[in-house]
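Here subunit A shows up in two complexes: once beside subunit B, once beside subunit C.
Up next, the complex of A and B:
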């Protein structure tokens, strides 16, 4: 290779690099940047892919159909965390300064990443939205001004599961002496419901037995021999994740434990968990903080505007309506409604994290708004305030019929009076540990 | 295989402890539910799980025997083989043809690994070869998912997954576990015969004993490496089929290598029978510990107990139960 060729190569590379750097800068000046932490790779990808597709599809729908929000185009950039906390923090640091106003909010999609970002988001003034995961006491907006946990928490999920069981048994009075087992991922996430379940066991007189399953949960034979052949509980609850879910359902079948009495939290209720379990999963139940199915107007619009024109994020339309997909859409709705609230207040231009926090403190997605979005019945209305960063915290019970989830209850509201006191107690302990002065919310 | 006297005593002692400790725990603690049918149900379940661990451990043993390298990529090979099989099947190939095509892919992969990675590392330190296998693992994880996607895929070979009662209705055993045990048993017999009675098998054993001596008598090292990586690929495919039928074919399959490590520590890195007996001891030991000891100390001990059990064996047999005793004279 001669010197001239080398020179030409270097110049071409430099021009190419300049184009790469300058193009997003031009785009960013006109548009609202949205950073999305996703996991399309790694051991949990089967659950992460549909979420990422649902999130991206709703953002792209707004761009294609409405030209963005209030005339401001949305510029979505994904960063793959592979559900790894280190990569999650790296993604956050890489994305937080992008666009003209930085990342307006972060949805880490992982309890581990959530904990790692708690202090950073306060310093960076970027709201942390954790829908159905993360710290339950983040619902206390006086202590956690930048943490938002709609539409549900793990503690609420535990209470709703016991509420549902009490309905099946003819009332809370009939829970006395019943045996309920909790099979949980032996991690901070899996341990979240224990405190609530212990309080409820003491209150209603049922016997709670705990079965930790070490990560990743590929092998659970001994756990299920103990459950199915020794303890023989009346109900089993599961706080599982990834491959642990399908394995648990298969092992439950292997010891003939009735699937109708086996109830998972929403992260144990993905379509991707049921598929490998096959026939063993028929009758299994799971809580969901979103509705199930693909028959809603928002789905029709996504198909019509995006997929009909080859602009969908998923490989095919078949994935639309999976529960993880619907959760992705729901997260996008929460974020974009907050963005719109911020733009309505601060002007139709890209908004900052601080401005979005202001809007999230006042977020009100009511029935009428859900109808306009095309998600009436798909999501529960959400109304937040400065002090309440959760809302009603309701969830539905669903059952797997072998091919899809079917809703078998209406929205069930947890005992927010009891849980509210627990959230406040836990948040106060956190504030004391960190030296945080609660903000006034009047 | 000649069973050394101390190995025989160690296995006998461990079997006695596996019975005595749960029985004693049942007598001493009200938390422990001990009945003989339940004990045998747990023990049989553990033995059958152990066979599944052995399937994965076999792949490690083959490559370690031939090159002295711990193949970090074995778990990734299991995932890659299973992904390829299901991917080809989804493309319309009948299952039997997809299996043959996957075997060819694993052979090509073995040749590529030998040509691209191993050939230039001949005579390098083992740690360098080990680091190279880490690279292969990451490459296979990513490459497999890039080609075939990261979604969960179903691998249904029509095996029954239902539980049945045996021994007069006293003991519940899952049919699938029995089938997996039979397949693993057949694989082990075939491998043992291959190593013992074929020309290639004898050459492999010669390479395992001494690379340079094998080269000096005309055994082609690079061909041997291709063969051994290809055989490890076939073992990975069988493990991928069995584990994939159980859990669905997904990225988590790569993590089953974690279950093979205590088996290797216990059985020895160089012995095929060691991988089998190690798997059985680890499988039964961890299940019995989880059911009959864990309730007294809070539960969830299965995974670390497997390693503890393996390390306990090392106190008496530092080379593993069936590993080769290394004597270096200075």
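Up next, the complex of A and C:
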């Protein structure tokens, strides 16, 4: 074939396609649009796919079983970010105006995208829900009216980890002189806990040593030689991400650092990260802000209503109950509860981001409500207010037994008094820089 | 028929040396500027302006910057991302240290600071050439990002290392950064700056400085023999290239995203911009715009296309198809037009002169 003709053809096709005006797929007139930023492709897809499946499954469960929320059908549209900030912003801009009322809330699932959206959500009046990631000081609702950070923050996570270690050592008094190392992804995400840990180190007298690992974290030999042969810390904390987690665990095994004293934050506690590490991961501990396992009622309903009828999102039922899957369900519950709250107030029709923000300011998912949803124990009750966009911020310690996570503690509450002051201080600095006047909360 | 300079006479040196000697070209550029300044803001949605046009313009500016260095002066560089980050962080420090400073001054100074950093990393270019220089500039990329991550001073000791732009006004009280700036204002602001800098660059590469750069690019030894001093010439290229990249980085952080972490300017950004000028055309201002359009717009187009046709394809499949088609198109263009889209444009113009009576 003539190259010229091919070229002409391609140009013609491109022009033709560009002429088509962007029209969203035809949908039922009065359904509630939900935009979901997911990463089913890209380097972190193994952790992103179960989350997306869990989120979609819960939304579909509500649609199939209850006909949506308060009779309003839910219309879920995914957009793949591949965990790339540029793509994530594009996805957000593409989805934000869809449906009759636009996107009711956004969950960017990436620290980079979260930061890129911080300004935009204020202008667009769309709540930004960052569950267990993003800005810790977003918990100050007076300065971040559109940012919600339940159920936990990195700063809280750091405090909980130290709290857990003190329990193991028999009290905070015994932390004096102990050596604790932090192995972290050298990015905005990994650096979040440092301030908190430094404050705690000064308070309790333990020695904190920092080990930044450059992205993506495949090369940690020298880091772990230093840890295992020179420093020999009592505990190692990890703020890792993606392939860095499995690498760190394997390197810890190589220098024979006891895995029982190796504690990861929730993003270092995915099933997908443990499996590649194999036997090296047995005994490794991780914080989780959600319950582990597939034995919750909501799982049974999802299997019964969706998977039995071939409507599940995951490839097979085996994916149900993975940590990331449970987090997807949890995020979907938080969002749909907020949607319901908004509908109860503003009428049973699709709601806007502003109305959902109103509902999130008053979100109260208590034990009884969790039981009704079938998610009792799947996560800690969440109660938010105008000023408090975090809740209790509790997390659990879990341990990997080679095939699955086992909870080894009850919900541990961070020192919210100390952290609250830190959130306030940090948020105030942000407000000053950006010229934000805090809103009044009564 | 229409594109022909017959009957256009140049009566002065000034007319002979104009950027666009042919009247039709002048009309064309004026029409494009009119469309860019008037039509696009009037008819485009926020999505088009803010998510497609804005990154396209800012990355085109960075591509012009790299094109000065690589396309005109022949110094292969992989440090673009690092220089963009320098511009962004310099702008942040300036804007927070001197809150009253006008955004144009902030951009100008952050570009100047980046130019200084560029000169510093350009010094090895006197001894190192070709691929080895690419490796040396790659070091600058990693060093600069590491530096912004490592030292809290650059981010005003923010715990996460993320900087975010304070609200700033351009003319009167029209905000161009921050949460309450309208997309149209941001777009017009970025467009004005990019247009101005592209015009300056176009004139610069036509001046004696530009000719020196091209002489160095085409054969450095010959250039040296005819009296071009290597060090100042190469450093000028590094300085001006970094100046443009710095302003692009500052625009990216301030006008486009509003807040960035250093990782937004990692080595992938450098590669992205290098691909832009390779596909767009080395040594061409037009090529920088074409390349940026190709790299920014095509993936967005590919990921939206199935939706426009009403096809219900799972998002992960779309992403994979997008990567495959994008890769195939890059290879296709490199095979049929190794000199880039700008060359394709030139061929079109040559053909158009003869049309409709080719011989």
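Assume the second predicted complex is superposed on the first by the 415 of 442 C-alpha atoms of A that agree within 3 Å, B and C clash if a C-alpha of one lies under 4 Å from a C-alpha of the other, contacts with A are read in each partner's own complex, and residues count from 1 in each chain.
The working rule: contacts are C-beta pairs under 8 Å (C-beta built on N, C-alpha and C of every residue); 3 or more make two chains touch, one makes a residue touch a chain.
All values derive from a computational prediction rather than experimental measurement.
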| item | value |
| --- | --- |
| Touched partner set for A:46, first subunit B, second subunit C, both or neither | first |
| Which of subunit B and subunit C A:80 touches, first, second, both or neither | second |
| If touched residues of subunit A are counted for subunit B and for subunit C, the larger one | C |
| Touched partner set for A:97, first subunit B, second subunit C, both or neither | second |
| Partner chain(s) touched by A:186 [first = subunit B, second = subunit C, both, neither] | both |
| Which of subunit B and subunit C A:230 touches, first, second, both or neither | first |
| Subunit B versus subunit C as contact partner of A:118, first or second or both or neither | second |
| Subunit B versus subunit C as contact partner of A:216, first or second or both or neither | first |
| Partner chain(s) touched by A:297 [first = subunit B, second = subunit C, both, neither] | neither |
| Contacts of A:246 with subunit B and subunit C, given as first, second, both or neither | first |
| Intersection of subunit A interface sets (partners subunit B, subunit C) | 40-42, 45, 49, 186, 212, 214 |
| Subunit A-facing residues of subunit C, complex | 45-47, 50-52, 55, 96, 146, 149, 156, 159-162, 164-167, 178-180, 257-264, 266, 299-301, 303-305, 307-310, 312, 314-316, 318-320, 323, 336 |
| Parts of subunit A lying in touch with subunit B, wherever the complex brings them together | 40-46, 49, 186, 210-214, 216, 218-219, 221-223, 225-226, 229-230, 242-243, 246-247, 250, 253-256, 272, 275-280, 315 |
| For the subunit B and subunit A complex, residues of the former touching the latter | 33, 38, 41-42, 45-46, 49, 142, 145, 149-152, 154, 156, 161-163, 172, 174, 246-248, 250-252, 254-256, 259, 286-287, 290-291, 295, 298-300, 302-304 |
| List of subunit A residues in touch with subunit C within their complex | 3, 7, 17-18, 20, 22-26, 38, 40-42, 45, 49, 78-80, 82, 85-87, 89-90, 93-94, 97, 111-112, 115-116, 118-120, 122-123, 135-136, 186-189, 191-192, 194-195, 212, 214-215, 426, 429-430, 433-435 |
